[in-house]
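Sharing a structure, written as structure tokens. Questions coming.
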Amino acid sequence: MIEVRIHGRGGQGNVVAAYLLATAAIDEGHFGQAFPAFGAERRGAPVVAFVRIAGQVLRRHNQVLHPDFLIIQDHALLHVPGVLDGLRPNGGILVNTTLDVSALEAQLGRAAIALPATQLAKAHLGRPVPNTALLSAFLALTQMLPMHALAGALGQKFKGELLERNLRLIEAAAQQVPAGLWKEVAHATGA
Amino acid sequence: MRQALEGSQAIARAVALCRPQVIAAYPITPQTHIVENIAKLVADGRLACEFVSVESEFSAASVVLGAAVAGSRTYTASASQGILLMGEVLYNIAGSRVPVVMTCANRAVSAPLSIWNDQQDSMAVRDAGWIQLYCADNQEAVDTTIQAYRIAERTELPVMVCVDGFTLTHTLEPIDLPTQEQVDAFLPPYRFSRTLDPRRPISMGTLVSPDFYPEARHAHHQALLKAADAILAADADWHAQTGRSHGGLLQVEGDADARIAILSLGSVCGTLADAREMHPELGPVKLIRLRAFRPFPAESLREACAGLTDLVVLERALSPGGGGIVGAEVKAALFDMPAPPRVHNFAVGLGGRDIPLETYPRLLQAVATQAPQPFALFDVDPGKLPVEDR
Amino acid sequence: MRMNATPETPIPLADLRRSQPRFQGIESGHRACLGCGEALAARLVTEAAGPDVMIANATGCLEIFTTPWPESAWRLPWMHSLFENTGAIAAGMEAALKAQGKSTKVLAFGGDGGTFDIGFQSLSGMLERGHNVLYVCYDNEAYMNTGIQRSSSTPHAAMTTTSPAGKERMGKRHLKKDILTIIAAHHIPYAASASVAYPSDIRKKVRRAMEINGPTFLLIHSPCPLGWGHDGALSIEVARLAVQTGLFPLIELERGELIGAMPIRQPRPVTDYLGLQQRFSHLFKDDPRAREELEHLQALAERNIEYYGLKGLHDDPRDSEGADTVRRGGQRWA
């Protein structure tokens, strides 16, 4: 089982990201589960969403306390206490940031992956919504699902021009991270 | 067909498959996505029904009552404050023996104000006279919603399908949606024996003097008790149709020869099930999930509890000043057993506090080390209490 | 908040306003969205109302974003009870204060959902019984806090999640409820509409209502960038356009009679207003139904202009609304 926690702000597509990831897993025949930790509706508020992907059915409905991976959709959230809580020792952190990797790792004091997802989204979608770029990078890093599964999930949510742009975006984003870097961690926990 | 669906979305599709003619919608977190999804189906011409955006939950329940007695299959959904506000109407619907189906997206009640999940709302109206069924996951929510129409229309009792708010409604999981053909084969067209009709006029909701009232209540109570058969039959027939069953009145799993059991309702049962599998070293434990709370399945419960030494009743509500609600009803049902188990009654996850997997070992620890408490909140943080209450 | 006051030597009520030239009833740091019209309106209302008030607040955005336990943004005595009973809670507060002979004025705050819909009954009762309460409705035209569902205040043809556009529908089918006419029928001493685009006008109307011993009602048009689909920076411009098109007339009523209206010097076509908001984007598609709805909305605006006499008799070369100035490339006014 792989557990992912996604931190973002309202309006960045945090919950959609979680749903897309779980949908991609389900469409590939795995068990997938995604849900937000909810608060009142509000743009800009910190939001957290959880994803579980497993080879067997999971029946639990508790929050993810010990994620294998963290996806941080907004660099500024790194200042929020508790954002990194519970991350497993070998766990991976993917951050949406314009900082380069060494600066990011210096700030965090540990290994992490930096992706300028907002910039990529602006370039491809014309809107600063970083979620699909981050998901693509995540899949490239973990290689836990084929990219076409994400494309399929996107196809259920978007149509026409927006879908086309998203498909190009995920291709571009996947190139920007070291492919398979987290593959062993993903396999060890076992999807 | 197995697909990834958010709970609310799945419930909305299930409702659409049942072909309701009148739907009353009023927004309240966390059921809102259900009515939004239905509104989109209507706007796209995929569901032909009268979608009535009402001005309060009180009116939502009243609109479905009016529509049901006028001869249409109906639907509404609510939660928390909305359930309380429509409370008067809920009693009215049940006492009038009208077949209505609604979703309660379980949420805590104010004050204090909370939008998060527990079961205080549906428990608060347990005496309204509705059938109340609790779902462990979204697949069950889909299947039980469809079964509910059959149960309601056969028994002429309204059915409240309880689905944990956020925890289930906002969780995306794999769902097998039945086909329209399967649902049409399972659900005959709406028929209500006392439909208001100019061709044979009757009067409903009349004043009833002490000369007749007790008999009406007796009949209602008996009808609810007998509804257990309809609940079992619907689940069995649905299983024949789809291969899926959800335990009928209650579902027992785990170690058949266990002397310790944990009983609960709703989504926490899934968490307990996974936790149990993770802790075989803690010994054999039975898990009992109440699916039907009204009618209360006393006989099935006594059977499930035969041979137990300890029963943990883990509930998602309470009666302030009294104690546990489910605990009290369980104890009453077990009272006359020759050797009833010790009952440890806890409430957990009130106001949406997360219920972690560790709850399972901690509960078993409590059983092993403490005398049974009449009632306590299991996950209170003493550090957050005033000093004198610690 | 209070200068030189201590628990032992509080500032006398009479001196409170003097010691605070610009009274602040809501503190910053609340959790409203960027550009929230309701937050601005509530600040303007409480500024003008002053410190000697007690507030009953309905469920909704304002209550949620100002009071996340254990914090509160209010510097005034304040209670949130439920969604549907604000008029009645306020009535109870007023009755108690009256029985105690106190000068504190009761304010009732609710959104359009809590006022036009679920809270309508208790509002009507409060008005009918003549309680000395100023009821302020922050009208953002939908149930915003629960995620943008339609209320009876949602304008005709607007998209919300429960009135989406689709093959069979062009947004909300029903007209925006004419709440002021219904309020007027209660013959209360004063009722008025206002807009966050005209802050001085809000202050003037609040002060007028505060002076009256009896039920008063203020409807304040408050854009919701998230729900209406525009950038938070455009909230004031959007609100101004609602007034300048005639879709949201600013009027005053005493005992049911129209006694004042803010004139529109140069009425703007409704498309100027609608075109800025995502919730009306389906009306700009190439669809005969969309054209029909635009005509309908234009007709509603023109009907308001005529009915309330909003257009001056002559063109105004000075164009104090500023619309003409903008058209000629000048700076936006106010």
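Which chain is which? They are A, B and C, in the order written, and residues in each are numbered from 1.
In this section, a contact is a pair of C-beta atoms (placed from the backbone, for glycine too) under 8 Å apart; a residue touches a chain by one contact, two chains touch by 3 or more.
Worth saying up front: this structure is predicted, and the values here are computed from it rather than measured.
Here A-C and B-C are compared, and the pair linked by more C-beta contacts is B-C. Here B is the chain whose Cα centre lies closest to the centre of all protein Cα atoms.
In terms of their C-alpha centroids, the spacing between subunit A and subunit B amounts to 34 Å. For this pair, subunit B with subunit C, the centres built from the Cα atoms lie 40 Å apart. Residue numbers of subunit C whose C-beta contacts span two or more other chains: 146-147. Among all residues of subunit A, those that touch two or more other chains are 40. Listed in rising order, the residues of subunit A touching subunit C in the complex are 40-45.
Residues of subunit C that touch subunit B in their complex: 59, 69, 80, 82-84, 113, 116-118, 120, 143, 146-147, 149-152, 161-169.
In the complex of the two chains, the subunit B residues touching subunit A come out as 2-4, 6, 30, 115-116, 136-137, 164, 166-168, 170-174, 267-271, 273-275, 354-357.
Subunit A makes touch with subunit B in their complex at residues 18-19, 22-23, 26-27, 31-36, 38, 40, 58-63, 65, 153. Interface of subunit B with subunit C (complex): residues 25-29, 32, 35-36, 39-40, 42-45, 51, 53, 55-58, 81, 85, 110, 112-113.
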